[in-house]
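Take a look at the structures listed below.
Shared between the two complexes below is chain A, which has chain B as its partner in the first and chain C in the second.
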Partner chain A sequence: MTILVSRLVQALVVALLVGAATFAMMRSLPGDAAWRIAAGRYGYDNVNAAAAEAVRAELGLDGPWLGAFLQWMGDLFRLDFGVSLVSGQPVIAEIGHQLGASLWLALAAVGLSLVIGPPLGILAGLRPGSLFDRTLLVVSTALKAVPQFLMALILILVLSVQLGWLPAAGYGQPRHFILPAFALALGLAAVNARIARDAMAGVVAMPFYDFAQWKGLSRAQVLWRHGLRNVSVPLLTYLGLQFVLLVEGVVVIESIVGWPGIGHALVHAVFARDVPMVQGTALMLGLGFVMVNALIDLLAARIDPRGAR
Partner chain B sequence: MTAISLPRALPAGRTLGAAILAIVAVFALLGPVFVPGDPFAQSLMKSLAGPEPAAPFGYDHLGRSLWHRLAHALRLSPLIALAAVATAGAAGLVLGTLAALRGGWTERALVVLADALLALPGLLLVLIVLAIMPGTATGFWAGLSLVLWVEFFRLTRATARATLASPAAQAGRLLGFGWPYIFRTHLWPEIAPLMLTAAAFGTATAIMGIAALGFVSVGMRAPTPELGLMMVELLPYWREAPMALLTPVLATFALLLGLTLLAGGHRT
Partner chain C sequence: MTLLSATDITVRDGAARLVAPVSLELHPGEPLVILGETGSGKSLLAQAIMGTLPASLRATGTVRIGGCTLLAEDRAAFRGLWGRQIAVLPQEPWLSLDPLMRAGPQVAEAHRLVAGLPAAAARNRAAEELAALGLDTAAARYPHELSGGMAQRVAIAAARAGGASLVIADEPTKGLDAARRDDVAALLLAALTRSGGLLVITHDLALARRIGGRLMVLRDGAVVETGATSAVLSAPQAAYTRDLIAADPESWSRRVAPSEAGQAVLEARNLTLSRGGQRLVDGLTLELRAGRILGITGPSGCGKSSLGDALLGLLTPERGHITRARGLAPTAFQKLWQDPVAAFPRTRRLGQTLRDVARLHAAPPERIGGLLERLRLDSALLSRRPAAVSGGELQRLALLRAMLANPRFIFADEPTSRLDPITQREVIGLLADLARTDGLAIALVSHDPVLIDRVCDETCSLPMKRGEHDTLECSDLLRTAIG
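After this line comes the complex of A and B, so read on.
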């Protein structure tokens, strides 16, 4: 129960931070926000003073400070994000549209990383210090040093430009998933494998693991009953923390491969100074993190009831 | 226990990492001294031309010397990253120690703030700060500092809590030593090695962030030589001049690999 309360407080402060940050962004934009928004709406060639004034009047861009802030936060907590300054559509509708695309990409990446990383890590952890263990360490260290955008760049150059196997960008067909999902998954898998390896090596060294083998269980049974369950808890907890890394990767990768998701929308919104969109997407990402971690807390407590705090 | 956790860090990994970083630093600082030149001077006659004595790495699509652009890029992002890490490290150290010393509401408020910042993707915060702050370099510095102090804060607070409760620190208090003395003799020796690892990771994170935002064209602006920006500029010419694109790619990889190795793989 205390877990949920602390997560609730975290969610509340996240909302406050996002509200304050986006308000500051709205207020202190360099240049005239009205001009920028008008340019975003009508195109840079069609902006004139009249259009900018119309936008200024419509959005109430000048006025007293504190009242505007309170109204801003009030709207935020009533989950009224307003309309996108650029497209004129309600922010909620836009986000709902984009969230799906991002969610599928993120799930594909996490799934892929879980297929690649932990099995290799567990294999290495069963024989710590072996050649395989050392090789995995070298490979995962090198992979960790490759940022996700660089991984995407390398995959695009090798798989699409040179070999022509996959489309470099695009959305809609299953094969469009492969490249961005791999670009995200390889970095995650490098860390997953290390976590699984350390946890597994720790479990193998425990007396209960030796005992289980000694009492006559087969290696597979010991691994299944005593190994995997103990490895899954640190892995799961780490997965929650990786969520932020994943979201960051999604923001960048989506922009590179033209994925119509929330990260792509966020970069565009920041670029066009579409503050309501920035607020909506930022809030969605922050609250998503808190929610995922609350679920993982609960799940971890279910798998390993000893550590219930 | 030593036997099972043997290959935690690469054997001699830290030395290797420091060596890689030293090579990169020597190139960045002395490269333009050995081969004088201008990273901004264009010559369209030499667009994508190969290496020559005046430009050992060849030319980019606008005929600018890649040797000089790379050297300047390798000064810019590490400089911003180090400035951000220094600011974040100082803030994290002060606030973490304060939280551990004071406890109560000070600690609770700081922890809640740090947890909330942890929930927001770092690049998102940097993007918002970039939109608020005038000047891209200062924006990166402020945004990255805001993101990175959380890690230093958490490390310092956790270590300081444990250390302050230790018999040695308690005895020091009872003997009447002041806080500066306690900090110097008891806290700092515990925290310093952790800070070095966190600083190496933080620098790597910052450099990655600057390059990633440069690559999606929302970071540094052209014609500033910046690693991510150079990659996205040279990407369309991959077929004509693959080496031109590989130059910033390999430099970024070397820089980040050096930092990762230096950190020693002891995260949290």
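After this line comes the complex of A and C, so read on.
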């Protein structure tokens, strides 16, 4: 219960910070914001004073800032994110559309990283210091060190350009998922594997792990019944934190492979100074982070009852 | 008929021989106790017999058990014995239970996966056994919700659930108070059926006496003496066994209290302490005087350490007053910790640590040398790190560190519970000397009432608090329950 309350407070704080930051951005856009926005909307060649004035009146760019701020935050808490400055469509509709695409990509990437990383990490953690453990350390460190945009480019060059196995970009078919999901998953799996490895090595060194074997259980039984359960808690907690890394990756990868997701939209909104869109996407990502972590807290408390009292 | 016979067991670490060829036999219904100090090789010997030695050590010799003969170096072969022939009891039962699994399933899984019962039958058997151990409600609890005594009983049930009739217990009473120690002894004896076996490895003479049977005294990896436990303990033949018995508090002579009482260092009136919402000490009044030793006893968890924290000024009492004598420096009250290894920074050399402390208290560095001599410590120790020094030496170094602060009062919180009897006697003796020569007031906490009786001028015994009874209630119940 306390978990949910604290996460709710966190969600409120996120909303306040995002609202305030985007409001400040809106106010401090260099030059005449009305002209900029009008240019974004109609193209640089089509802007004139009348169009700028129309934008100014529409967005209330002239009023006193306190009133504007209160109105801004009021809109935010009514979940009225306004209208995209560029497309003129309601922000909420645009985000709803893009969020789905991103969500699927993110899920595919996390799923893939969980298939790759933790099993290898657990295997290494069972025999700390073995050749396999040391090899995994080198490989995972190297993979983690490759920036995600580079990873995506390498995969495109190898899998699409050289081998011609996969499309370099695109959206809509299952095979379009493979390349961006892999590009994201390799970086995530590199760290997953380390976390799982350290957790497993720690569990193996615990007296209860020995004792379970002395009771007569086989190695596999001990791993299955006592090892995995104890490894899952730190791994799960880390997964929540990894969400940040994931968002960062999604923003980059979506732009590279032309994925019509929320990250792609965020980048475009930033370039076009489409502040309502920036606010909407940033808020969604921030609240998503809080929600994922709240779910993970609940799950971890179910598995590990010690902290929950 | 022998249950287990081990022949010429040797343990080596590279070229160094840690256990010389040792042979032993275990007979049905007759316990065998292996007695020795830390570093005597007693645990290594037991681990070689169980096949649980750390991978860096090599064992040789043969072990015959249940009709098959195993080579000690073939560690994998021992796996099949665990749970089925040998029940291995862990040293620290609390840490030996999976923290994320309820107690019941931890017992039931051995019934099901090792003894081969169907799931429902395994659950019932586990519940019956736990109930027989006086743990009706424990099956549904997690280990962190169990007391140490309850965890120990759960561990025993889990270790034997696979059907093993030979119990091997390595230091089963490490860090336990006297009442709990007797409880464990009763538990082990109850587990010993007429056809079963029991091997106990310990440094605790009182435990050895309670277990009875046969005794093997080990020193530096070699057998010093063997015989019936009662005979060896009452009439030891070897000089080392005599030293070991002489170091037992039972055989110490009582300290003579200084004739005139020194000045009062601290006074506590109507002290009431609580921690975590639990009342620990209620309306206690005591006085500490220079040169006197106050003994504090009581069962685990009764608030001994909290009382110390309050006397040292680290815990604010709920009610009552603590008055320090006028003109004492804030650092005039010092503490000696239970686990000396944890009380020193691990990666620094001891000399560095001590010089830092001397500088902090503006003591000339030569004082370290003087104190080293008084505490009978070798100055070569100063260039080592804590892990490379024996527990007894480290505890004396901790005492040295406390002395650098020019204390008037030292709160010694179970300072010898992790030390061997011979070392314990030495450390306690030094503490008593310091009280006399330097006029220190000392509060000595111990779970050993005999030790307190021999050394202390006054005793304050803290009562057991409610809710702790479960650790003591059923010594008698146990005898009838298992078996």
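The rule is simple: the second predicted complex is superposed on the first by the 308 of 309 C-alpha atoms of A that agree within 3 Å, B and C clash if a C-alpha of one lies under 4 Å from a C-alpha of the other, contacts with A are read in each partner's own complex, and residues count from 1 in each chain.
Note that a residue touches a chain if its C-beta (ideal position, glycine included) is under 8 Å from a C-beta of that chain, and two chains touch if they have at least 3 such contacts.
Small disclaimer: the values here were computed from a predicted structure and weren't measured.
Looking at A:L8 after the superposition, I want to know if it touches chain B, chain C, both of them or none. Which is it: first, second, both, neither?
Neither partner.
Where does A:V251 make contact in the superposed view: on chain B (first), on chain C (second), on both, or on neither?
First partner only.
Once the structures are superposed on A, label A:R229 by its partner contacts, choosing first (chain B), second (chain C), both or neither.
second
Looking at chain A, does chain B or chain C touch a larger number of its residues?
Looking at chain A, the partner in contact with more of its residues is B.
After superposition on the shared chain, which partner residues are touched by A:Q148: those of chain B (first), chain C (second), both, or neither?
A:Q148 sits against chain B, while chain C stays out of touch.
Under the stated touch criterion, which partner chain does A:K215 make contact with: chain B (first), chain C (second), both, or neither?
Second partner only.
In the superposed arrangement, which partner chain does A:L107 touch: chain B (first), chain C (second), both, or neither?
Neither: A:L107 stays clear of chain B and chain C.
Using the touch rule from the top, collect the residues of chain A that touch chain B in their complex.
9-10, 13-14, 16-18, 21-22, 24-25, 28-30, 128-129, 133-134, 137-138, 141-142, 144-150, 153-154, 157, 161, 194, 198, 201-202, 204-205, 244, 247-248, 251-252, 255-256, 266-267, 270-271, 273, 278, 282, 285-287, 289-290, 293
Looking at the complex, which residues from chain C come into contact with chain A?
For this pair, the touching residues of chain C are 50, 52, 79, 82-84, 86-88, 90-92, 95-101, 109-110, 113-114, 142, 144, 155, 158-159, 161-162, 164.
If we count contacts the way the header does, which residues on chain A are in touch with chain C in the complex?
206-208, 210-218, 221, 225-226, 229-230, 233, 303-306
Please give the residue numbers of chain B that touch chain A in the complex, ascending.
Checking each residue of chain B against chain A gives 1, 3-8, 10, 13, 112-113, 115-125, 127-128, 130-132, 134, 204, 208, 211-213, 215-216, 218, 228, 231, 235, 238-239, 245, 249, 252-253, 256-257, 259-261, 265.
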